[in-house]
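Each remark here refers to the structure printed beneath this line.
Chain lettering (A, B, C and D) follows the sequence in which the chains are written, and residue indices restart at 1 in each chain.
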Amino acid sequence: MPETRQLSYGEAIYEATLQEMERDPSVFVYGLGVDDPKGHYGTTKDFHERFGPDRCFDTPLSEDTMTGLGVGAALMGMRPIHVHQRMDFLLLCMNQLINMAAKYHYVSAGQWSVPMVVRASIGRSWGQGPQHSQALQSMFAHVPGLKVVAPTTPYDAKGCFIEAIRDNNPVIFIEHRLLYANKGHVPEESYTVPFGKARVLKEGDDVTLVATTHMVVEALRAREQLKTIGIDAEVIDLVSLSPIDTETVSKSVNKTDALVVVDNGWENCGISAEVIAKVAELNPTNFPKFARMGFAPVTCPTTKVLENEFYPNSTSIAQKVNRLLNEDQGNSWNPVPMKATEIEAFKGPF
Amino acid sequence: MPETRQLSYGEAIYEATLQEMERDPSVFVYGLGVDDPKGHYGTTKDFHERFGPDRCFDTPLSEDTMTGLGVGAALMGMRPIHVHQRMDFLLLCMNQLINMAAKYHYVSAGQWSVPMVVRASIGRSWGQGPQHSQALQSMFAHVPGLKVVAPTTPYDAKGCFIEAIRDNNPVIFIEHRLLYANKGHVPEESYTVPFGKARVLKEGDDVTLVATTHMVVEALRAREQLKTIGIDAEVIDLVSLSPIDTETVSKSVNKTDALVVVDNGWENCGISAEVIAKVAELNPTNFPKFARMGFAPVTCPTTKVLENEFYPNSTSIAQKVNRLLNEDQGNSWNPVPMKATEIEAFKGPF
Amino acid sequence: MLTIRLVEEKVAVIYHTDAVKSPVHLSIGQEAPSVAVCAALEKNDMVIGTYRGHALYLAREGDLDAMVAELYGKSEGCGRGKAGSMHLGDKSIGMPHTSAIVATGMPNAIGVAFAQKFKKENAITACFIGDGAVDEGAVSESMNFAGLKKLPLLIIVENNQFAIHSPISTRMPRPNFVERAAAFNVAGASVMDNDLDSMLSTSQAAIDHVRSGQGPFLLEIATYRWKEHVGPGDDWALGYRTKEDASPWFENDPLKLCGERIAADRRLALESKVKEQITRAFDRAEKGTFPDPAEMWDNVYA
Amino acid sequence: MLTIRLVEEKVAVIYHTDAVKSPVHLSIGQEAPSVAVCAALEKNDMVIGTYRGHALYLAREGDLDAMVAELYGKSEGCGRGKAGSMHLGDKSIGMPHTSAIVATGMPNAIGVAFAQKFKKENAITACFIGDGAVDEGAVSESMNFAGLKKLPLLIIVENNQFAIHSPISTRMPRPNFVERAAAFNVAGASVMDNDLDSMLSTSQAAIDHVRSGQGPFLLEIATYRWKEHVGPGDDWALGYRTKEDASPWFENDPLKLCGERIAADRRLALESKVKEQITRAFDRAEKGTFPDPAEMWDNVYA
């Protein structure tokens, strides 16, 4: 497959949606601003023109009920895609997602199902502060009946999105805002990426770096920094957060005997704790060196100087790995920082 | 201190509230049915008569706004106690709890605080099914700014509840319905039990059994079953779920070198994963044997035969411990089941 | 209607045997709204109910055996025991399994009605809620959206005057459901006389309004719950309402009045037929099989 | 009002320098509602605002220096940089730091008003929301509860006709805020003429109503946002509204008309004084200190 066709992450989601809407008339897209001039970073830009206002529509500010709308339409065999400008707004939808969407199939012993996709953008960057930056994947991963995916590459974005639409269950599809502009190879034809599979992005022998969503980008940079001191990191993009692909992680850890999990979210009862616990369960007698990282256990501050402290970055990841592998010398190593173009390039106002 | 004064768990909460309402006129209790003839299992039974309808009142069915009411009153220096008949209803309150209550103090750099208690009953037993049985502690423990406690003994219920009222932060106070009738020693005078401390309920040398809320009762029974085959379990009630007292657990594990965590909730991204990860972090080179248990990763079914499968019980806990400690013989041991009086005694309709 | 009453009375009688290990919210005394609305609905319409769902399930001609088996937690139940009394439903009668979280079926009804309109099915959705449910934000949001999109939605407020033990006066400053609906451009009407004929004719008119594309309609039907909020007993002793309050409701019991209109012999024949069906249903449920424990793992994902 | 306009214009001018690394929702063009309401409030009253909070903060006589410093993310800010433009507030002016989740300050306003009534403070709460916010279930729930308990609450709907790019017609089937409030027993009035005097007198009357214990009041004030939803630029090019639509709002700009009523020399003197204050505030903010990175750990728990 020639890897020449490059799309951005946002374009990949657009294309996935477009192809599915063309293929399946029961797919529709709705949510605040989906038909507005900006079309949610271009991912929904002209659907209302292409498919009409029944299949791409704006809504009143009523997140709870609008989630319920999707659930009800899904019960009727439609395939709703509900778009949220910020993941934080899902906190208004928890009842419909967890008490309703996640339960219909089970409680009816399989009579009904809820094939619905909930798109949630994590709003990091440009002073998003406490209520526009949260990454709540672990809350959803906690709940049986929901699936949770958070692809990082444009390739996975397209494949996972098509998979999410065709999946007969409610799927929380997590998009990091800093990824929208990322470019990568995306085949034109329709394809799916199955859930429950992690992706080894870079091979390495010395440490397994498992990361989620934007932290994958940081982990890849950390890998470069670690190279300069002779540490060869394997970088795994978890992609699917529920279910989690423990096998791929575990296989890697068996090789490297060291594990660092970097979640794009808080640690406490988070994905990072879960990966550690799962890997430990698979390796009961021979647990590797490990560490986990995530957002600082505080509310996200707005001002840049504090926000910089809040998020792990390639340097803090590389240092953590170094400390883990070379116990006594780690604290003094200050790698040359790497340019985080996607963070710097992002400017307000939005 | 003579341990003669016995109260039930429900009475302990009642007494704690009563003493605090008498002490501090800014404390008030509200929520669906708090002033009704049943007074939430008697825990709020006569407050509306004693303190008048301003300090104990029923509300319309509007959980989101009623949570916001507490937050706003707390901003004004009052100390609201919001009572929920089922923890599942908190899914309607997530926005106010997580986006608002947990954030005011931080975002204002300390100018405001939200001294609010949210009481949530876990509704297990008597066919509560998918939407009346959920135990969502790990979602709240995930969020900085919230505290989460789930006492098991009447003594801790009273002390933690007074502590919760006096705490200047939003506290999620989790009560298991099957505990209300449990009796135990409760001093008459007012006292507090500090958060962030686990409680060693029974000492033992062979395995550390860490449990939460009603699973503590099961763990204590499992301890009896394990005794019959010569296994001496130390039983720790976590009590405080955020923050978690890793030191106490870790100290115990250093002695027993085996850890079984039984959470009264789902495992994925749950308290059990967090305890494992935290203990492992504290013992990086010498990780003990371990296992975790929790609700089956499914929606809670209504019918008894399936519900019995859904929850860990003393026998399944004891078997798990035995398998962990005696690897090859564990599967065949079938201990004599113990009577779970609190489960059997509980009958409908409620 | 008779079936509903007799089934529930039977449930109330056998409840103490613990065959039904789950909360039951009986509709005794308030069967008529479900019966009237369902009589006016078409087969391809959809209904959304609540945890107090026995009446709706039966009025919608749900399978009696499957319902009783469900209460008994048996495999033959309409949710194979996973649902229980609070979550009755069946795809074949267009009734999604109900929610025990108050008012939360309402947004789903919006979605169902949206799909009906989208598919041009000429079908409508009838969503039942209680008088307490109306205060939930989801109901206002739903009325707003239904009004906005002129969805084929009929909202039935079964106004039994209480949410558990709370009277309307402690919940609504202005207890006028039709007026509240109007603020969202949802048409409305009330039937306050506990009369089955009024309910039937108003339901028919409301449904005609909805089906003809004129947009959503809120139909308030005053009714009365005879039994305690949850469970088989009476609750006059609790003191939140009195038997005197209830007496006009007993006297005007639609089932009783309806029965009086039928010739005695026909009525007796009917009663004995229904009783027979009910006895059979409870027998079958009793003899039914519990699901295999391994079934717990089924249906987590579709 | 002049201060607000000039501060925000300055923000718009300097925004491209990236000194403010955070979204700003400007009130340019819609300063008057905040100014009018705050003029009629007492010192011990409370105000609840939104992410579009510059105008309210300043109208409430919040410290200008602390606001600009907050936008710059400096320690001298009213949230020590943790808050930023979307979360302005200050205890000393009775303004809790605002929420960036639409409508979610409204339930908190209910609680604040509840506490005022409980404490018999003779104070009221003024809660500002947008026309888009009104559809959130929390607003209906809040109106219902405020009406029920006759809370001392003034709700101000700043109706600028858009929620981001969505006009009211795509959100409300019946765009009548006062009528919706009435369904919850909340009194109401609208000021549609963009006239400061009308706003002042109606605000005063509304506040009198609330303060005298007659219960909550919803005051709709029609206004217009001149700039894009978020950020310093114009957005006529997006096509969701036109400059022609806007022109009556420009012409009737309360600030302009107000200025014309003042003698030219006094106006100039005033302007130059305000500009001086603003220049000083931006200078100070520029020279202010960023919080120490360790401050990230502060204030997680009280």
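Annotations
Keep in mind that, in the parts below, a contact is a pair of C-beta atoms (placed from the backbone, for glycine too) under 8 Å apart; a residue touches a chain by one contact, two chains touch by 3 or more.
In this text, all values refer to a predicted model and were calculated from it rather than measured experimentally.
Counting steps between touching chains, the shortest path from subunit A to subunit C takes 1.
Ranked by separation of Cα centres from subunit D, the top chain is C.
Separation between the centroids of subunit B and subunit C, computed from CA atoms only, is 35 Å. As a whole-number value, the distance joining the C-alpha centres of subunit A and subunit B reads 31 Å. The geometric centre of subunit C is 45 Å away from that of subunit D, both derived from CA atoms. Chain contacts: subunit B has residues 59-60, 62, 64-65, 88, 91-92, 95, 99, 106-107, 129-131, 144-145, 297-299, 301-302 touching two or more partner chains.
Annotation for subunit C: residues 79, 81-83, 87, 99, 101, 135-138, 141, 144, 148, 170-172, 300 touch two or more other chains.
In terms of inter-chain touching, the protein chains here all touch one another pairwise.
Within the complex formed with subunit B, the residues of subunit D that make contact are 46, 79-83, 87, 89-91, 96-97, 99, 101, 104, 106-116, 118-119, 137-138, 141-142, 144-145, 148, 298-302. Every residue of subunit D that touches subunit A in the complex is listed here, in rising order: 15, 18, 20-24, 73-74, 77, 79, 81-87, 99-103, 132-133, 135-137, 163-166, 170-172, 228, 230-233, 238-240, 290-291, 293, 295-297, 300.
For subunit A in complex with subunit B, the touching residues are 64, 88, 91-92, 94-95, 98-99, 102-103, 106-107, 129-131, 134, 136, 138-139, 141-145, 242, 266-274, 276-277, 280-281, 284, 287, 289-292, 297-299, 301-302. If you check the complex, the residues on subunit A that touch subunit D are 32-33, 36-38, 58-65, 88-89, 91-92, 126-132, 296-299, 301-306, 308-310, 347-350. Residues 135-141, 144, 147-148, 150, 170-174, 176, 179-180, 182-185 of subunit C are the ones that touch subunit D when the two sit in their complex.
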